[in-house]
Amino acid sequence: MSINWFKYSSPQTFYPLAGKMIPWFVWLATIFAIAGLYISFAVAPTDFQQGEAYRIIFVHVPAAWMSMVIYIVMAGWAALGLALNARLSAMMAQALAPTGAIFTLLALVTGSLWGKPMWGAWWVWDARLTSELILLFLYLGFIALQASIDDPRRADRAGALLALVGVVNVPIIYFSVKWWNTLHQGSSINMGAAPKMAATMLMGMLLMALAFWMYTVAVALMRVRCIMLERERSSDWVKELSVTAGGKL
Amino acid sequence: MLLTQGLACLRGDRLLFKNVEFELNAGGLLYVLGENGSGKSSLLRMLCGLMLPESGTVFWNKKPIKEESESYLSNLTYIGHLNGLKDDLTALENLTMSARAAGNEVTEDKALAALAAIGIERCANLPARVLSQGQKRRVTLAKLWLSEGKLWILDEPFAALDIASVSILAAKLGEHLSSGGMAILTTHQDVAIHAQSTQTLRLSE
Amino acid sequence: MQWASWSAFFNMGGYAFYVWFSFGLTALCVAWEVISLRKRSKAALRLSKILAQG
Amino acid sequence: MNGAWMTVLKRDLLLAFRRRSDVATTLFFFLIVSSLFPLGIGPEPTVLSSIAPGVLWVAALLAGMLSLTRLFAADFADGSLEQMLLAPQPLTLLVTAKVLAHWLVCGLPVVLLAPLIGLQYALPNDALFVLIISLLLGTPALSLIGAIGAALTLGVRGSGLLVALLVLPLYIPVLIFGAGAVAASQHGMSAQAHLSLLAACSLLALVLAPLATAAALRISVE
Amino acid sequence: MNGAWMTVLKRDLLLAFRRRSDVATTLFFFLIVSSLFPLGIGPEPTVLSSIAPGVLWVAALLAGMLSLTRLFAADFADGSLEQMLLAPQPLTLLVTAKVLAHWLVCGLPVVLLAPLIGLQYALPNDALFVLIISLLLGTPALSLIGAIGAALTLGVRGSGLLVALLVLPLYIPVLIFGAGAVAASQHGMSAQAHLSLLAACSLLALVLAPLATAAALRISVE
Amino acid sequence: MLLTQGLACLRGDRLLFKNVEFELNAGGLLYVLGENGSGKSSLLRMLCGLMLPESGTVFWNKKPIKEESESYLSNLTYIGHLNGLKDDLTALENLTMSARAAGNEVTEDKALAALAAIGIERCANLPARVLSQGQKRRVTLAKLWLSEGKLWILDEPFAALDIASVSILAAKLGEHLSSGGMAILTTHQDVAIHAQSTQTLRLSE
């Protein structure tokens, strides 16, 4: 109760605060990543069916998880920004989108790289794959919309609305895609058939997911700082900052 | 009846104005003056609720217009820089349909009378696309003769009008004010309007 | 330990291309994102410095 | 209330009537796009009829989407949109009137033209019938969802393709159920399930899309 | 002479680079449209690979055409087009520079992205190779022909779909030879003949289209 | 050197002007005056060859400009209502590229000097989108300092300029004329330009 949230939600005070938080998240991400990589390459045993290729799971699944989590978090920030007319929330939503898109892309690419040796095809029109592809389109739409509106306040609100519409649609899309696949013909491949995961594998995936998560926070904070600098370019605090930081440039 | 508190407007990264405050009561007229680009149109759009203020509130009958939206809007008549005419509809169709779309059930006769009042009944059946700039403006302004709202917000209503039409419009404004209406205008011209109380708000950079 | 030798490790049971491409691409994306953000922040500061001094 | 709604609908229909050539352009686009495929794929009737549901639905979807860029653009440019926002009637309601007018003018003709193209693709009769029904049930959802995109991209630079990027992913469920219905009937199965889902999509869109569109319009006008 | 040509090319490329998101939109449109078809038609790999040439070519064609509306629009609005007309260099030459820039920015990426989508459609490797070659030979013709349409519709209202009407019929030969080349290689035949015809189309367009575009620009600027 | 015979201009179904004739020789300055909408810009565009006259001919060195197109265009510098700046390029990039695209090989240093001459070297590296209206106009006008053409055709060059820039531009025009150049201007402002021979052409409805 005693914290004045409005104080922290002004860019001028949040900028240095974010600057202090970033190193912490970077460290956490590094530690989790080292632990996760250690488990994925040194501890986890070879899979008797898939051989070593299954180790892709340690980036694929966390990336797929993050791609979905980030979209939800992004829409949450967007909704908050729309409801409270809070600029910082909208900026956070904007800062998360590119990272979300990157993880979606990584899930797709690593999935394909896994699919080729396992299924013999780079791509099949499976429900999960297809809906991940559509998620990528949703991210790209959000980014493109914001990039093509010059007035930042309008860009924020338009983007937020789009993110919300997307969130309503994601489950519909997911189920329709599932239906589409099962009604036409049984897909010959079923990803659920992956072997029961040993605890070590789960551990590795969780650690990698945590690393990605911390990385996401750090990068989002970095990006939100850039957005603040660009938007408040002509405000006094940015000018002051740019002059004092000038020596380092 | 219309009251503002601490209005501020940010466009791009420029603060156009801040702390704009005034009170407008029945019969009152408010001029908003300033150079090109000083934020007059932005202020009027804020008063209508088309733009959200960066900070501050607009009150109608003591309540924020956000909460009183329906009663406020049914009392408001706004005419902006844009005429809102459809090139492919005739002057009469334009006037009738825009009044009806705003929830004001007017007959064709009434609309024709309004066009006559501002002196363009001759053009009633011409498509808007062939009208001259001033004639277009007058079709738009004819809406004022049909309006039942108390508050008129007009952005440069005299622009593009010839002298005769300016005085017709000024007389209409005087009549509206003397019957207890309110009006907010921007203008770059000097026009005499008869009002009980006249205020001036000057925006500057 | 799983691996008989470093070369076995790098060979990944014959799936080297797929595994290392996946992990490598991920690392590349992470590095690119961080570097481009640093660049962007510097550019923003430089521009507002021009504005501040000019 | 009702009067304002009817007026908006009537005005848009009247305008469309005065601008018949614009309307015709949408139809031609649909026609040309769906005729391009036989040229690209080859004249084999069995192949053509097996891909017909998908191709026709995608063509309908593209035609609808591209005609949508115009839905609010003229109103935005000439100031009518501002006046609509300042009407005491709820904006959501007026939006439905505009979308209905758009559907009557761009959606319905496509529905009526589709069986003709279906014949070119050697679709059997009952599949043609299901095609019409599915388009009737599905195209309203296309118009409604598309309206959100059109409202969001008002006054945005390079908007032509941006609408596509925003709207096409949201169209996917409609496409799946719509094409699925026709394909099911082609394979002698019942199209019932798909059609019900399609209707559900349209209903949901009818409830939610006008709200979102109205919000988007308010943002764009600022 | 050469200097002005290079400058126009460089400027357009630089602008495209500064407006990356606009460029990306074209690519995404291509991606989305070509992903819609499996959703409409079904996931069966054999069916998909048999229609892949046609679908990919039509999608490339639509993406190219829709991105074309922008080719001269910004120059027209900000007055650079006037200045281009007043340059002592022949306008036809400067037009080729602009079209080349457009192709590098919108056509080439589509060519490079196409094999990726071809993979999604389960195209075999040599068909993929022919696909790339055919797109490389054919897309310049698309850009060149589309430029005529873009120039003709400058400043005309509702131009989005009008361009389509003008341009799509002219695209048909390119579509037939392009998709034909890929289909031929899929069926184990030589794609040589189709590819030569495609190259001929592009050459012909290279000779004639800049003349027509320059004439159209002069008319539009008046 | 520039001569017109019986120029007439039809816009829509209105004849804006007819029988416009004048002769302009080395060192000569021609003012084109008239109300808004009287056809000044249309006339200048005709002189450039951007618009075809309804009737009449424009001659450059005694030959119709259609036949002499290349030599005429390489002697011509036209600045219209529109600035022709790209929002996403910097002021310097805009200036250099537009000069080069017109076949005038300039170095960056020369372009910078031109910007300095008109007093906006400070903005050289800012994208045009963040410039104010007057600054944009000055970037466009800086082209005159790079121009090697004999004939300058300028449509309201002084609009949106502040007083200092107006006198800089007037001095530049005087210099151009005294070194044997020619200039055709429209303007609504009263600016003193030093010229050997000054003519005035008044368009009226």
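To keep things simple, chains are lettered A, B, C, D, E and F as they appear, and every chain counts its residues starting from 1.
One rule holds for everything that comes next: contacts are C-beta pairs under 8 Å (C-beta built on N, C-alpha and C of every residue); 3 or more make two chains touch, one makes a residue touch a chain.
Owing to the predicted nature of the structure, the values given are computational and were not obtained by experimental measurement.
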| item | value |
| --- | --- |
| Chain C and chain A - chains in contact with each | none |
| Chain of greatest Cα-centre distance to chain B | C |
| More contacts between chains, A-E or E-F | E-F |
| Far-end chain from chain A, centres as C-alpha averages | F |
| Rounded Å distance, chain B centre to chain E centre (Cα mean) | 48 |
| Chain B and chain C: spacing of chain centres that average the CA atoms, whole Å | 58 |
| Inter-chain centre distance, chain C versus chain E - centres from mean C-alpha coordinates, in Å | 34 |
| Rounded Å distance between chain B and chain F, as computed from the means of their C-alpha atoms | 40 |
| Residues within chain C bordering two or more other chains | 47 |
| Two or more partner chains touched - positions in chain E | 19, 22, 25, 28, 32, 39, 42 |
| Residues of chain D defined as touching chain E within the complex | 22, 25-26, 28-29, 32-33, 36-37, 39-42, 47, 50-51, 53-55, 57-58, 61-62, 66-67, 69-70, 157-158, 160-162, 164-165, 168-169, 172, 175-176, 179, 183 |
| Chain B residues touching chain D - in the complex, by the definition given at the top | 45, 48-52, 70, 73-74, 76, 78, 80-89, 93, 97-98, 100-103, 105 |
| Contact footprint of chain D on chain A as seen in their complex | 134, 137-138, 140-141, 144-145, 148-151, 153-154, 157-158, 161-162, 164-166, 168-169, 172-173, 176-177, 179-180, 183-184 |
| List of chain D residues in touch with chain A within their complex | 148, 152-153, 156-159, 162, 165-166, 168-170, 172-173, 176-177, 180, 183-184, 193-194, 197, 201, 204, 208, 212, 215-216, 219-220, 222 |
| For the chain C and chain A complex, residues of the former touching the latter | 1-3, 9, 12-15, 18-19, 21-23, 25-26, 29-30, 33-34, 37-38, 40-42, 44-49, 51-53 |
